[in-house]
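Two complexes are shown next, each including chain A; its partner changes from chain B in the first to chain C in the second.
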Partner chain A sequence: MREVLFIAFSLFTIGAASGVLLSRNPVYSAFSLILSFFGLSGLYLLWGSTFMAMIQILIYTGAIVVLFVFVVMLLNLQTNRENSSNIVFLGVVSASVWLFSLIILRVLTRSIPNKILEIPENQLRTISKLLFTRYLWPFEILSFFLLVMIIAIFAITRTQEIAHGGEK
Partner chain B sequence: MEWTDLIITAVKTAVIYLGMVQVVPIMLIVERRGAALMQDRPGPNRVGPFGLFQPIADVIKMMMKEVTVPRQVNKALFLLGPFLVLFPASLVIAALPFGDYFTLLGRDYLLQVANIDVGILYVLAIGSLGIYGILFGGWASNNKFSLIGAMRSSSQIISYEIPLGLAACSAVLWYGSFSLREMVYTQEGTFLGILPNWGFFYQPIGFLLFFIAAFAETNRLPFDLPETEAELVAGFHTEYGPMDFGTFFMAEYMNMATMSGLMVAMYFGGWHLPWVSDVTLLQWLGSRNLLAALQVVTVIVKISVFMLMFVWVRWTLPRFRFDQLMRLAWRNLIPIGLINLVITALIMYFRSAQ
Partner chain C sequence: MNFPTSITYWSHFVTIAMFALGLLGFLLRRNAIVVLMCIELMLNAVNLFLIETSMRTNTPDGIILVVFVVTVAAAEVAVGLGIILNLYRLKGTVNLDHFKSLQG
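Now for the complex of A and B:
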């Protein structure tokens, strides 16, 4: 049962993810992205991590992709292929092939754990403890980076607004 | 899991879901009669006694009308839109606790479809998906009014999810649990000897934030900017035919019921009656199943009070302007939510230090 569900969710996720790349219409791509995130959270649920599954939906599907869709619709992107030149296309393809072969190499050279990792009884408590003790510095530095980025974006957009004489 | 368990779970799911769907016709008549009451006019009172059969007439009208799909729309996403709204609205009901448990054939069954240990995250996560139906539906309609309505809806819902989440965070911190059931268990008994031990008395600011954000999340007046008829015809559902519109309508009322259910479970003691503990009630009634029935009635009454408040607010307050709406969320509600969170954390810290 578990294996069947695992394969079903994996195939669903991969199918949806390839839909993101293959569809011409950016809105369809965004829709496939939502579906693939759902597949991922299904996999998390299968591994018994309800918290991760819910966070996956809450943050990625519920917030980030909404912004993607928002921008796509606001800019009213047309479905034209002339934008992407051959060189860019080649670059993307070679980068993907290179990354994919790296992953394959990594998988082949390392021993794969044969059992499913133990999920602790109280996942939330375990995750929070790790975040605030062992991974405190990476956590804080990452959040600091995010803050810096928000301020940077704000500064860039505001200076352009001021340069164009817009005042608010 | 035995076969009986499976059957009872299926029956439980069907009963709770169909029960929640009944909110729609009831609210149809309550809203129209409520509006009439506030505007000092009779309202729909012709069909059946006191106009009680009006919802049936409304639904028959919607079903009988010709289904039209405009020619300029993106057909797949256009038809998917209403269902993408209704689907999450139906799913979130699973996490709401309606009572403790009932006994059948010597086994105990929870009065809840699924007792999820991160219940509140589940409700927030699945509840935030309803926006996609509005976004895709509005975009696929290929109409400027629909698109603007969809855009407004998405920015509004994303903005108000933050105060909603902050209020929920404070509540989670206070109860020390993500599970709605655990929260309700903690709210038994009295506070200071006089007040019921409800979350509202510990988290009044959190409740206020949650209450305001709930209106924005369900696209209700005074925050119904996505469908302002004065400026956007009907917003995201301008191009939709009879029953598609009906589906959006259903989802809106079901979302209201879920939000009310959440507020009841988080801030108003869930199935607990004030001043009486479950043990005393069990002694009076003498039967576990009678107590379960009483608990379900309690939850339904509490939810109904909130539904009436939704109607009351709708016909009392005028609509916000869009910039006012955004300013309210980002400049007022979010700072208040953060302060509330910090205060709650400090109280919890000093309480545990003692």
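Now for the complex of A and C:
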């Protein structure tokens, strides 16, 4: 049963991820991205990480992809033809990238043991405890980083200076 | 509950396939928004690998790293889309071939 679910979710995820590349319209790319994230969330559930499956749907499809869709609809893009790249070149490049990184990954993860999985009773509590004890400083730096990002986005998307003094 | 070896073997294939797809889209597509989406695909491939390793070795540190990655990815997308909006206001297009000011 687990194998069947794993194969189904993997094929679904990879198919949707290739839809992001192959579709001409950016809106369709965003929708394929949503489907791919749902498949990934199923894979996380299969590994036993319920917390990350929830976070994946809430943050990625609820915030990030919605942001993408907003910007795509704001820009009112006309779908002009991109210069179509060579199919053979694309296939060779993708196959070589895939094989090379697969070999690297197999070599790097050779020493990771394949233990018996014990899903923790309260995964959220474990993560929260670690966030406020061992990873306290990265957590605080991350919050400061978010503050910097908010100010940066306000500074970037201000409209007045761009409209009048923007570089042509 | 023990993991079947087939799943632990093939999950690396899924990770690498997603990362390769994201890398290909990043290199080949010329629409700036789709390029940002492909960066998201690469980040998600890394997230999948981290969660799989973390659950397999029964240590929660990988999940915490994934939480950090998700936060930074959200901020990165917001800033990137802001930059793309400004570029569209300046040039009237989001095709990356038209942004050649830095090439002299």
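Definition applied: the second predicted complex is superposed on the first by the 118 of 168 C-alpha atoms of A that agree within 3 Å, B and C clash if a C-alpha of one lies under 4 Å from a C-alpha of the other, contacts with A are read in each partner's own complex, and residues count from 1 in each chain.
Quick note on the criterion: a residue touches a chain if its C-beta (ideal position, glycine included) is under 8 Å from a C-beta of that chain, and two chains touch if they have at least 3 such contacts.
Because the structure is a prediction, the values reported are computed rather than measured.
J.: May I ask you to decide whether A:L131 touches chain B, chain C, both, or neither, giving the answer as first, second, both or neither?
T.: second
J.: So, does A:M54 touch the first partner chain B, the second partner chain C, both, or neither?
T.: After superposing on A, A:M54 lies in contact with chain B but is clear of chain C.
J.: With the two structures laid over each other on chain A, which partner does A:A152 touch: chain B (first), chain C (second), both, or neither?
T.: The answer is second: A:A152 touches chain C but not chain B.
J.: Between chain B and chain C, pick out the one touching the greater number of residues of chain A.
T.: Touching more residues of chain A than the other partner does is C.
J.: So in the superposed three-chain picture, is A:L67 touching just chain B, just chain C, both, or none of them (first/second/both/neither)?
T.: Touch status of A:L67: both partners.
J.: First (chain B), second (chain C), both or neither: which does A:S101 touch?
T.: A:S101: touches chain C, not chain B.
J.: Need the overlap of the two footprints on chain A, from chain B and from chain C, as residue ranges.
T.: Shared contact residues on chain A: 51, 55, 63, 67, 74.
J.: Give every residue of chain A touching chain B within the complex, in rising order.
T.: Chain A reaches chain B through residues 27, 31, 34, 50-51, 54-55, 57-58, 61-63, 66-67, 69-70, 73-74, 124.
J.: Given the complex with chain A, which residues does chain B contribute to the contact?
T.: 77, 116-118, 121-122, 124-126, 128-129, 131-132, 135-136, 139, 147, 150-151, 154-155, 157-158, 161, 178
J.: List the residues on chain A that touch chain C in their complex, please.
T.: Result: residues 2-3, 6-7, 10, 13-14, 17-18, 20-21, 26, 29-30, 33, 36-37, 40, 43-44, 46-49, 51-52, 55, 59-60, 63-64, 67-68, 71-72, 74-75, 77, 80, 82-83, 85, 90, 93-94, 97-98, 101-102, 105-106, 109, 112-120, 123, 126-127, 130-131, 135, 138, 142, 145-146, 149, 152-153, 156-157, 159, 162-163, 166-168 of chain A touch chain C.
J.: So in the complex, the part of chain C that touches chain A is made up of which residues?
T.: 1-8, 10-25, 27-31, 33-34, 36-38, 40-41, 44, 47-49, 51-58, 60-61, 63-64, 66-68, 70-75, 77-79, 81-86, 88-90, 94-95
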